[in-house]
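Labels A, B, C and D are assigned to the chains in the order they are written; within every chain, residues are numbered from 1.
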């Protein structure tokens, strides 16, 4: 129709590159490593660090889907209960004579079903918010776990099962290998695929996404099911690490996970943040806790530190994109009103 | 669409108009079931217990209602409650002669300070309420352990006057219940008949317009979180007085119960909607469940599952009614 | 660049907070953090750690106090830890941190009987002596258990006490905790066995309820018991929060003398209700002594004085000599019989723990 | 006492990096309707916000009745008797009518500070009646139609005894009949001595109502004229800064075979018994009053809210459309009415916006191929002539018209055969309007079947090959090209008599 030339080559900007939140987290991680090694002589020790890594990685699996969920402006606070329920189902089935592999399969299935149910309710009843749905199912799922196991614990798993949570492949913890594989997958999925692009689109503007032919409902079902599935994987590792399980395990895990995701720079207003940030945040919080644990900081101080760190980091993210952020906030509310 | 279906829709529409009556009906139904299964349910003594146990929950739920109406959320109230309860208890342990009114005041002041911090983070710094209150929840809880030196304050360390706050009565009504009623009346008046009260609804209903209408949104956010904090502080003192013990882990996770009460009471998490009477009924419903389930010999391990199922059903019922009403609005148009 | 300035401020603030915490830990002798600060380990001092169920529990604080006393008397260094919530996950994390610090012994008060087995086994593999106290872990997870009292005795003595209080006649109920810890159910089992005795034929255990160690839940469970069983004569609550909550309800309802409460509770929490005779007496062992004994057991294990096998004997400071004995699961060191708190002695104990 | 109730002298407003108003003058007499015109982005909205105290001017003075005033916040302006009715309805959907009317100046008891509900309800009722509306003031605002909400907004302005009322595009969401109501009310207000600033894109509004007109362009003051002094062409030149010769392009499209046919399509409560057909290369205009079911019909056709009766034939085969994805897969594209909410992701790059509905095309097995995306975006952005330097600029950096072009470019990414344009020129200034018309005609010429919904009669008449008029959920009349006149369409739009719609 005409001859206007529009550029389609991207200009690379170092400034832009280094102003990413992820660098801030990398810096934080370096500082924490320096701090830890200066306050405790036991920190710089390969076995110690790798052992510590194993203790905080179990719940980190839920971070992957939670990042997607929060980018999509939703939230899932039932994941802790999903961990408990799927863990309890797995252990009870095993104790009832089901082979361990099948019990693990059932665990994954239960987790996925829990997540699917959340997603289904959310999609079927559009006016319901995710907070309400998952708050209800949070109580429900744990309630079911209590119905199944009452005050008992279930365990006595085969010896190979403990390898999952405790084992090393060569010098590297098995769980870390699996986590890295999942992490690479998650980063690629969110940043390099159409799936990821759609996740961001839905979070940035759900209405426009739907009008653009994105199957928003199906996407929601997928990510919530994924959250359930990852909660089940967490359940497997957690159960393996404990060797037995109870209905009260993984209490408040959702809050830990949300804290990691928020620290990772994912805004609950949707559409913003990177998977890599959340993955870095897992290690920031994990090693901070470990380092403070090495100098035997009391639990209450640890609580305060984590709380303050969370608020401080989010404050910085907010100040960072203040202009953009506010614009978006108001846009969002317009949308809600309409 | 048959005539009969149409009629059904219109009936449902009426129910939603009187949503509170629906909730009340459900409570009555539940009460009847409990009564049939255990005649001790509808006795004066048990009902007195029930109201006493629901008082604190309803106080907190009213505060949470305002927060939710402004599209916010406060997850730190359990920790605020523990912190202010603990500080009040430590104070009366040191100064047994302290007037109980002053103890209540101390609790409220601590709560207000906690609320102001959260309000500041939300309104001025612009952190999302769920994240800000999550962070503060950790911080306040940690502070509670720190201040108490991880000790408890036990019954014998509290003066009788302090413990009497919860057991005494005013005008023949238990003080806890009396305070809850007073707060209920205040809220009823406040949200319906004062400008500030209506501004809270306006802000939640449409934050952008509120700006143009000259509503100072910072002030309103500060106000609701401060009120929530103050009420948590008050609840903290009442809690400690009621159970005659202050622990570091007091009311851990209680915020979720409070939010559940609000949701049952019809408060919308998307802001703008919520009635004082509804929230009260929501709190009472949870109170009835907590009181009734142990009475009818339900296995203690089933209680949580049953509660979860009832909350989910109530939430779904509410939504289905709402959707049906919208449909019937459309139906009335003849084409 | 403004944003990085802000980040700098934030980080400085966090570091300052940490430094402050460190100072505080070093200054306050009774703080949990005190042990680790001296660090090192090359100076020859043995380091003994104890991990309690959760922080902010007075029983645990006293237990750890006793433990610290014993370890210091023996010339070692005590590390006192507890997770914020009473969870297995939290304890596993702390134990990993302790393993990294290459401690010499680990005393665990388990949040679960079996759930700590993997991590404790790992600790033992790394050359750490592991023992449990108060709330036991299974025999594979530890070398010896320091038992406050024989569960059988605890169970039976509570029935005997309640029988005496209500003249061997009437309905009784049990208000338990969540029974997440291993001991509660075992005691209740022994109570039921004791009740089979012909002496108690006029007594009936009508219900066992669970207050989850939460104040509000324990109160409503107690109220439900009173409503459901108007003829209820006694409540046995073998848990601190439960017994105090139940006593509070009886006090508030003015049922002194009609319904009695007994069980296991902290004297500080129960002083009020023993003095107002809602609970004529109740039992508990001395957590300070229990911790003290555990401390000496830990020291003895790490010095190679004992190995946790049956028949080993060792000196436990002021408490005298103890012997490791055989039980159904594993070996144990038994502190003694539970202590009875009543109106005559409560005043001297209520300020102690 | 000055003869002007409101005077603004040399108002300049700067935002970081942008000068939104540059030395603007404005004078308003009492009892006058003063039109304020200008293209989008000319600074009208900012100007209004300065008058109402939402923004404070960087420099310049405001005189009210000859006295200089300074507004620190909206309340100050409100107290001085200035009220505004904004372009996007700014009400509180969860509050009732009375509250919406009185928000900000509630009637309260002096001593108890209690809100006097009874009085307010009564007064609200009286106000509404004076505006010829029988709404119950206790009704929730959110349940009202847009036109009724507009009436409440006016009542709100009246309730504060405003001497100056600013109406920012009040007719944008209204139909002709509703606009006519609004004109009457506005005139009545003027006759009572209220000064009114009326902002509109519609020339008809201005000619019908205004006494004089002030034009802004590119944040600058261009001039003020009496309405009868200035010709249409001059006004356009003043607004656009250049002459626009021809608003509607020459049409050269050729009608080919049928691509889409609807038979008895219906959706409960929204529309019923819709039968029509569309040929390749054809532009079918659909018009009618707001609420006649036009948008609903097209949204159903696009699968936003599925139809519940009737049949859709696409290229001769019966098809089901349940979701937008179905529709796009089939070859039906939709340009939504509200591009900012329904089409674009403003903070995203232009290229990402363009590729959003064609992610499968720029990917392989789900992996994004960025090079392909950029190529596609560049091609299409150039094709629809988006005025930007780079496809990596965020969509928010574009003007309304160019955003609309990006929305159109989005439709061109996939292999579509039918395009539905829902109010394609809504909120678009004159310059961009004719560009969009050109695009539509070109698209038709290249073989797309096009359905265009519009409330603007000239647009419908000027572009369509055929026009379907809807009224209360049904198609009341079809006009062939050349048959339609504004009057005939209006009559059909308001008639309840259903002409049996012919198929094909």
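By our rule, contacts are C-beta pairs under 8 Å (C-beta built on N, C-alpha and C of every residue); 3 or more make two chains touch, one makes a residue touch a chain.
All of these numbers come straight from a predicted model, not from anything done at the bench.
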Item to check | Intersection of contact partners for chain C and chain D | outcome: A, B
Checklist outcome for this item: A student comparing B-D to A-C should find more C-beta pairs in contact for A-C
Checklist entry - Centre-to-centre on C-alpha atoms, which chain is most distant from chain C? => result D
Item to check | Between chain B and chain D, centroid-to-centroid distance (C-alpha), Å | outcome: 43
Checklist entry - Where the CA atoms of chain A average out and where those of chain C average out, how many Å apart are those spots? => result 34
Checklist entry - In whole angstrom, what separates the CA-based centres of chain B and chain C? => result 34
Item to check | Between chain A and chain B, centroid-to-centroid distance (C-alpha), Å | outcome: 29
Checklist entry - Which chain B residues reach two or more other chains? => result 141, 144-145, 150, 205-206, 208, 248, 271
Item to check | Where chain D touches two or more other chains at once, by residue number | outcome: 93
Next on the checklist: Residues of chain C that contact two or more other chains, please.
Outcome noted: 54-56, 84-85, 210
Next on the checklist: Going by the touch rule stated at the top, which chains touch which?
Outcome noted: A-B, A-C, A-D, B-C, B-D
Checklist outcome for this item: Within their complex, chain B touches chain D through residues 1, 189, 192-195, 198, 201-202, 204-206, 208-215, 271-273, 327, 329-333, 335
Item to check | Touching residues (chain side chain A, partner chain C) in the complex | outcome: 19, 24, 27-28, 31, 35, 39-43, 45, 47-48, 51-52, 54-56, 151, 153, 155-156, 162, 165-166, 238, 240-246, 248-252, 289-290, 292-305, 308-309, 312-313, 315-316, 319-320
Item to check | Residue numbers on chain D that touch chain A, as the complex places them | outcome: 88, 93, 302, 304, 323-325, 327-329, 334, 336, 340-348, 351-352, 356-357, 359-360, 363, 366-368, 374-375, 377-378, 381-392, 396, 410, 414, 438-439, 442
Checklist outcome for this item: Interface with chain A, chain B side, in the complex: residues 71, 73, 75, 121, 125-128, 130-132, 134-146, 150, 205-208, 248, 253, 256, 259-260, 263, 269-271, 299, 301-309, 311-312, 315-316, 319-320, 322-323
Item to check | Complex contact set, residues of chain C against chain A | outcome: 2-3, 6-7, 10-11, 13-15, 17-18, 21-22, 25, 31-33, 35-37, 39-41, 54-56, 79-85, 87-90, 92-94, 96-97, 99-102, 112-119, 122, 178-180, 185, 210
